[in-house]
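Please go over the structures that come below.
One chain, chain A, appears in both complexes that follow, with chain B as partner in the first and chain C in the second.
The block that comes next holds the complex of A and B.
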C-alpha cells in the first residue's frame, strides 16, 4: 500500500490525521495538489475524537466571540449539506435557570442575530414539550440551530474523498524532524511507529495540522507556536436522555452543554490548562466527574440517575493569548501561520486554533495559503461538494435483516450498499449494541486503514455501546486475526489493549451497572479466556 | 460525589441494567429456531436505545417475531423487563393498525359471542378445507392449524341457569374470571371449577362485568381497546373485592395479563389485580397449606400425568402450585416436563407467517410428551392445550379438571364443612 510513497516528491505534506488534517488533505487533493498525510497513530486520536460531537450553531460564542460565532453558523449550514448522513439536525435549547440572570437572554439573542444565527425565544412550557428531559424549573428558553455531528465518520469521509482525489495516507508515521535547507523546509523525517523504520519524504509545502501537538511539531522546525492546552472532560450516558442539545444561557462555563448523539448523550465539558507534556495521557479526575454530574443534572435532572458508560478527556488546541487560567475567554477563531513571513522558514504552514465545527474552513484557509505559494489557481470546492456518502442517491431497504441496515446507513450514508449484506453470515452482528455486522467490519478493514480493534472502534463504533466491548471484542478479534493475517499472539495483545482502553474510560465512573459490566468483562476475558494485561514494554504508546 | 447523584440507576423498564450477557437470547424459543429474529436482547434493550434516537430503527418485522413468552425476563439475572420493552415498542412505534385477520384473532370476545350462537356451523366451517384455504390465502390464518370448537352454550348462560342460585348458600365466596376460552369454547372447565370450589366450601360468583383480558389485543397492537377492557375488568374486580370476594381464574395467561401486562404495557393501575387476583390452583393450594382446606380423593382414580409449564406460568413462578396440587392426588403418576415454550404464543401460531416457527419451537416438547406415554398432559394455559392437542395426540387438561375428576366430592365437602353454630 505504501509502495512508491517515499520516492515521490509531493506538493504538500500534511501532518495530522484529525478532522483538520483530513479536511486539508481533501481540499488540497481536490485542487489537484499531490498530497500526503502523515499521522503518528490512527485517525481521530486527538481532540477530533474527544469532544462533544456538537454541531455548534455558534450561539455559544455569540456574546463573547462574534468571529467564532459567525464561522460556526456558516460551517453549520455547510456541514448539513456536505456531510448530511453524519449530521443530526435536532436543534438546541439555551435555557435560563432560576439561578441565572434572565437579562442575559436578551443580549444573547441579539448577539446571535448579529452573527446570523436564527435564535428564537420560546416559552419555557413549550421548551418542556419540545424536550421533556429539560430541567422543568427553567425560566427562559431560546431555540437555536444546534445539532450533532459524528467526528469519526466526518473525518473518515474526508480521508476517503482525499484518497479518491489521489491523496496518499501514512498512518502510524510520526514526524521526528524536518529537512530544512537555506531557510526552506524540504520535507520530513518519519518514524514508522509499528516497525520502527526511519524514512523521509519531501514536499514543496508542509502543513502542520497536528492540533495541540502542533506546538511540538513547530518546535522541531525551530519555530515557536505558543499553545494553550486546555483539557476538557466529558461523560457519556447510556442512552439518549435528550433529543435536542441543551445549553445554559449564560457565559460559557463548565458542564453546560448536553448533546444527544447516536444512541447516547454527552455532557461536557470542563476546561483546565494542563502542561503540554501531559497531553498524551489524559485522565478524568473524580473532581471533574463531580462537576460534570452536578452541573449536568441542572440541565436535565435525569442525569442524576442515568447509567454512565464512560468518561473521556481531550485537549483543545487553543492558541495562547493573554493570561487566562481556564482558556474560556481565548478565541476559538482560526489561526493560520505562514512561517515564511513570520519566522523566515519557507514551505511551512501551521493551521491551528478553531474547532471541529470549523475544520473545513481551517482546511480552506491553509490550502489557500499553500496554493498561493505553489502558484495554483484552483478555487476551493469543499463547501459545495458533498462528502462520500452524502450524495443525493437513495439507499434501498433490504428485505430482511433490516435491523443492521439503519445503523449502516447512519454510519456510511449512501456508501452503505457497498457493504456486503448478502447472507446470514455477512448480516450477523459483531457488535450488537451498535449494530455492526460482519459485512461492515470487513468493509472497514478493506477500505479504512483498519488493523486493530481500536481502529475498528473509531471507524464503525464497535465497542462504543452499552457493553463497551464485552460481547463484540472477541468476535471482532477473530475476524481481524483472519482478515489481516495476524498471529494469534498479536491479536491477543490487541484484545488486551482494546479492553484496557475501554476500562480506562469506565474506571472514573465505575459504579452501578457500569461496574457490573466491567466485572463481567473481566470474568470473560481474564478468567475465562486468559487474556492478561500487556506488559508495559509491549504496550504501544497510543492514546 | 454529591449525595444525591448516581445513587441509583433508573431507566425505562430497567433497560440500563442490561449487562449484555445474552442469557435471554439463549432462553428465547424464537432465537433457537430462526436467525431472522435478532433475539430478545437485541430486539429489547439494545434496539430501544436506537429507537429512542429515531423511530426509523423500529424494525417491526423483527419485533413481531417475539411471541411474548417472557422467558427472557425469567432468564435475566438483572431484572430487565425485556419482553415488556419489545411489546411496548411494538405498541409505541407501529404505524400499522391491526388488519382484519388480527382483528378477528384478537377479538376473542366478539368472535366467541357470534360463533357460540351458531356453534355447529362455526365448528364445521373452521374445519372445512375450502374455508381453511380461504382463511389461509386471503387472511393469512394458517390452514394447518386446528381451531378450538365453539360451545353451544356459553359458560355464563350455563352458570346463570344451573349454578348461580346455589352459590349464595356458601359463606365464603370467590369471583371467577372465566376468560373467553371457558365461556365460548370449553365451559366444562368452568363447571369443574365450580364443582371443586363448592366442594371445599366456596361459592363461585361471576364478576359484575367481565371482558376478555385483552392479551390478544395487546399482542395484535390494539392498545386502546385493551385498555378499555382492562379498565372494565379492574373495576369489576374492585367491586368484587369490596364485597369480600377475591378473584380466581383458571387461565395462566389471563391471570398474568391482568397482574402484569396491565401495568407494564398498558400502564393501568392494577393494584387490585396484583393483590387479589390469583390462579385457582394457587388459591386452593394456599388454603390447603394454611390448613384451612382438606381434599379427599376417589380411591380408584388412576392417571399418568405430565405437567407442561406455560410460559406465563413460568414468568409468574407459579407452576409449583399446580404441580403440587396434582401430586396430592394419590392415584396420579406424575412427570414434570422440561419447562419450554410449546410455540403457540396465543394468536402467534395462528398466523401463517409464524406457523413453521411455532411448530419448530414446540418440537422438543412434543417429542418429550410422546416419549413419556402419559394419559394426559396437564397445563394451565388454553392455547398451550390447543397446540399440544393438535401436534401430539395426547389429551390436555387443566389441573382443575383433573382435580374435579379425582375428587371425592362428598367426602371433601364433609371435611371442609364448618361445624354447625349450635355445636
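The block that comes next holds the complex of A and C.
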C-alpha cells in the first residue's frame, strides 16, 4: 500500500464504505477535492449490503411521506441512467388483497401522482397476466416504476469512479478517535483492523457517513446524533419467483415487498427497534422468519413451497424523532448535520437518514456542504455522469464465444472487456451457479480491494447461488492464495470464515432443501476435505 | 413383481447388502434414484476415525465399546464388527475393488486440502500414510493438470510440507486436454478421466511425468484416471518410472464413481435387478408388515418381497426430509430419532457437531424400523438413513453403511 496515503493532508475524509460513503467520495473527487475514504471492514458490510435491493419508485412512501417519495422517484430515474448495468427495470405492482381496504388505492394513486410517480391502475386480471406469480385473489392492482438494484456493484462502481478521480481508499481501517483542537476537527485516529497498526490522517473536513454506526462515530467526536436503529430481516428464495416487484397497497407494514433480483427473489422486511449495542451482531429470529413467510405467501402463494436460500438482517440508520416503537412512521428523509453551527465543532459533517435509493442525493448534499466550507465552486455532476460500466458504448461480443460472457457484462457493464479472457485458464469457471471465471476473480482481486472470499462474493456474486459455495469457495481460495500473497493459514481461516458466514444465513431457514444442501456442504468440506474450525487466533471478527 | 428382497436405495449400503444376499441365491431388486454419496467420496472407506470427543481413533475395534449406545456399531457389537470387516473386504475384492488397510489399526488418507484423516480401507494406487504425523516420502512432485481447479495444489503442498515432505508443484498439459479446455465446464475430474482412458493419452501423460526432474521420490497426481476400471491406473503407473500415487479431488469423485460402478456390475452379475432412475413413492403397511411398494417408474405395479430394506441415505440423498414443522422419513413416515424442536436441529457454528447429522430412522437392535411405535417385522434400515452417530464428526459413515448392510444381510440369510 502507498505509504504516502497517511502523510497527505486531505480536503475530505469520509468515514464509511457503504453506498453513501462511496457516493460521497465520488462526488467529492469529481469536484476536485482530495478525498480519502476509511472503512472499518469491507465495503457494503452495513445496511447497504443488507436490504431488498429495491429500486424504489417512491410509491411506498407516497401516502405517508411525500418528501421521501419525491426523492425516490427523482433518484430512481437518475440511477436508471447512471447505473444502468446495476439496475433491472421491471416495474412493480401494488396489489390490494380481499383483506385490504380497496379505498386506499385511490388515495395511493393520487399521492403517487402528486409526487411525480407514474402510477397506473390496472385490472387485476391484467396484473395476473403481467405477473403470473401474484396472489390470484387480488382485487386491485397499480403498476409503478419500481425496479431492482444491486447495492454491491452500485457501491463498487462509485468506489471505482472515486478512485479514477483521485480518491484514496482504506478498507479495514477503523476510526478510533478524532484529532480535535480549538473546536476544530483536524483528522482521525485509525486502527488497521488486519495488522492492528495505529495511524492518523488529517483533513480539512471529516464527513461521517457511517450509517447506523454514525451515532457512535459522532459520540467519539463528543457530539450527539440520536439514531433509531431499526432492524429489518429479509429472506432470499432460491429462484426468481416473480419478475415484477410485488407490494401491498396499504400503509407500510411487515413483509410486504417482494423483489426479484438476478436469479433470486427477496421478501422483506420486518421492522423492530434494537439496542445500538447489538447492531454489530444481527441474527434473524424464528419469529421473524415466521412473519416473513406467512406474509410473503400472501403476495405470491408460490413462496410457501419455494426453497429459501438464506436469511439476513440489516439496521436502518433512521434519525430518532418520536416514540414510534417500530420506526415505520419516522421519515426516511435525508439528514445532513453541520456540526460547526449545531455543536460548535468545525470541520465535521454527519450525513445520515435517507436510504439506499437516495444515496446519491445524500452524497450531493454532504458534498455541497463540504464545498461551501472549503470555498469550492464546482457543481455536482453525479446525476448526469454515468458510473463506470454504464457509459454509452456497447460491449462487442468476442468472436470466440465466451461461456460466461453474458454474466460478465451483466455484472460489470461496459467494464466487462477489461476482464482477462485471453486463454482457457482465464475462462475456466470457478463458480458455476453465477458463472464466475478465473479471469473475473483475478479482475476483482486486482481492482476491487479483494483479499477474502467474502469480499469476492460481494464483488462478483461468487457463492451466492443455489449451492451457496459448495465447490467454488475452495477453488477461489486456491486462486486467492496464489494472487494475494497470503499465507496458507490465513487463507484456510478465510475459507472457514466464509463457510460459517454462509451457514449464518442458512441455519435460521434450516429445513427442507436448505438443510439437505448444508449437509452436502459438510460432506464435501469437512468429511472429504477435512477442513476444521480455525483456531481462535486466526479468526477475525467481521459482520 | 415378487422378490425375496427389495432394497430401496442403490448406494454403498444398498449395493453391499444386495450383493451379499445375491451371493446366497436370493432374488433381489434394488430401486435406485440415481447417483449416491459415493460420488462425493475420497476413495477410502472409514470405519471409525474419531471418537465422540473428536480424538483420533487409532484402533477402531477398541473404540467401539466406548461409543454411545445408540451407535449402529453398538447394536452390532464390537466382536461381530471384526468379522463383518473381513467379509466386507472379501466382498470388495470379489467386485474387483482392491483396497488396503486393516481394521486393527487405522491408516491415514490425504485429503484434497492436504491434511491427514484416519481411515480403514483405501484403494490401491492412492497415497496414504501409516502415520498421523509424517508421510512415507522425503520429497514428492504434485502434478496437476492445467486449469483443473478442483485440486487446490497450494493447500496440498502446504499440508505436505507441514508433515515434513518437500513438495514440488508441476502443472502439466497434453494436446487432447488442451483442446477440451476450450469449454470451461469440461475441466471436472470425471470428464478428464474419460479422456485419460485411452492408451494414447496415458502415454502422453507418462511422457510428461517422466520428463520431470528425478529428485522427488514419488509423483502425486489428482484422481483423474481409472473412472471405469482399475487397470487404467495400473497401465499409467507402469509407464511412469517413479512411484505414482493418486489423491482425491473435489467432487465428482472418480474413485467413488468406480466403486459404485463395480458394485453395481457385481450385483447384476449375480442376478440382481438394479432399477435405476426410479424412486419408491409409497408402500402399504398392514399388521406390522410392509405388503408392497410402489415406484415412480412403474406406477401401477406393486412390488412385493419377503423383506424390504431401506437404504435411502440421509438428508442429502432424500432418505430423510425436513420441513418447517418436522423431520420425517418420506416413504412410509417411519418413526425417527430427531428433535421435535427446530431450533435444536442445528448449531450456529458450522464446525460444531450439527445435531441433524445424527438424526435418522429409529430401529431396534436388529435394525428394524417402526411405524407409530409398532416394529415392522419384514423391514430393515441400513446405512446413512440410520441415526445415532455423526458421520461428519466421527468419520464412520462408509463403515456404518457396510457394517449395517452386512449385519442385516446375514440376518436374512440365516433366518431361513
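In the analysis below, the second predicted complex is superposed on the first by the 533 of 543 C-alpha atoms of A that agree within 3 Å, B and C clash if a C-alpha of one lies under 4 Å from a C-alpha of the other, contacts with A are read in each partner's own complex, and residues count from 1 in each chain.
FYI, contacts are C-beta pairs under 8 Å (C-beta built on N, C-alpha and C of every residue); 3 or more make two chains touch, one makes a residue touch a chain.
Remember, it's a predicted structure, so these values are computed and weren't measured experimentally.
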| item | value |
| --- | --- |
| First (chain B), second (chain C), both or neither touched by A:511 | both |
| Chain B versus chain C as contact partner of A:520, first or second or both or neither | both |
| Touched partner set for A:80, first chain B, second chain C, both or neither | neither |
| Partner chain in contact with A:165 - chain B first, chain C second, else both or neither | neither |
| Chain B versus chain C as contact partner of A:532, first or second or both or neither | second |
| First (chain B), second (chain C), both or neither touched by A:465 | first |
| First, second, both or neither for A:373, with chain B first and chain C second | neither |
| Partner chain in contact with A:342 - chain B first, chain C second, else both or neither | neither |
| Which superposed partner A:184 touches (first chain B, second chain C, both, neither) | neither |
| Contact residues common to both interfaces of chain A (with chain B and with chain C) | 286, 293, 400, 403, 424, 428-429, 432, 471, 511-512, 516-517, 520 |
| Chain A-touching residues of chain C, taken from the complex the two chains share | 37, 40-42, 111-113, 115-117, 146-147, 149-150, 152-155, 158, 178, 181-185, 187, 248, 250-251, 253, 314-316, 318, 321-324, 342-343, 345-346, 348-352, 354, 356-357, 391-393, 395, 397 |
| Sites on chain A touched by chain C in the complex | 286, 293, 400, 403-404, 424-425, 427-430, 432, 437-438, 471, 474-475, 477-479, 481-482, 488, 491-492, 496, 499-500, 502-504, 507, 510-512, 515-520, 522-524, 526-533 |
| Chain B to chain A touching residues, read off their complex | 1-2, 4-11, 15-22, 35-36, 38, 41-42, 45-50, 52-54, 56-57, 59, 61-62, 78 |
| Residues on chain A engaged by chain B in the complex (per definition of touch) | 238-240, 243, 260, 262-264, 286, 289-290, 293-294, 297, 302, 304-308, 400-403, 406-407, 424, 428-429, 432-433, 435, 465-467, 470-471, 511-513, 516-517, 520 |
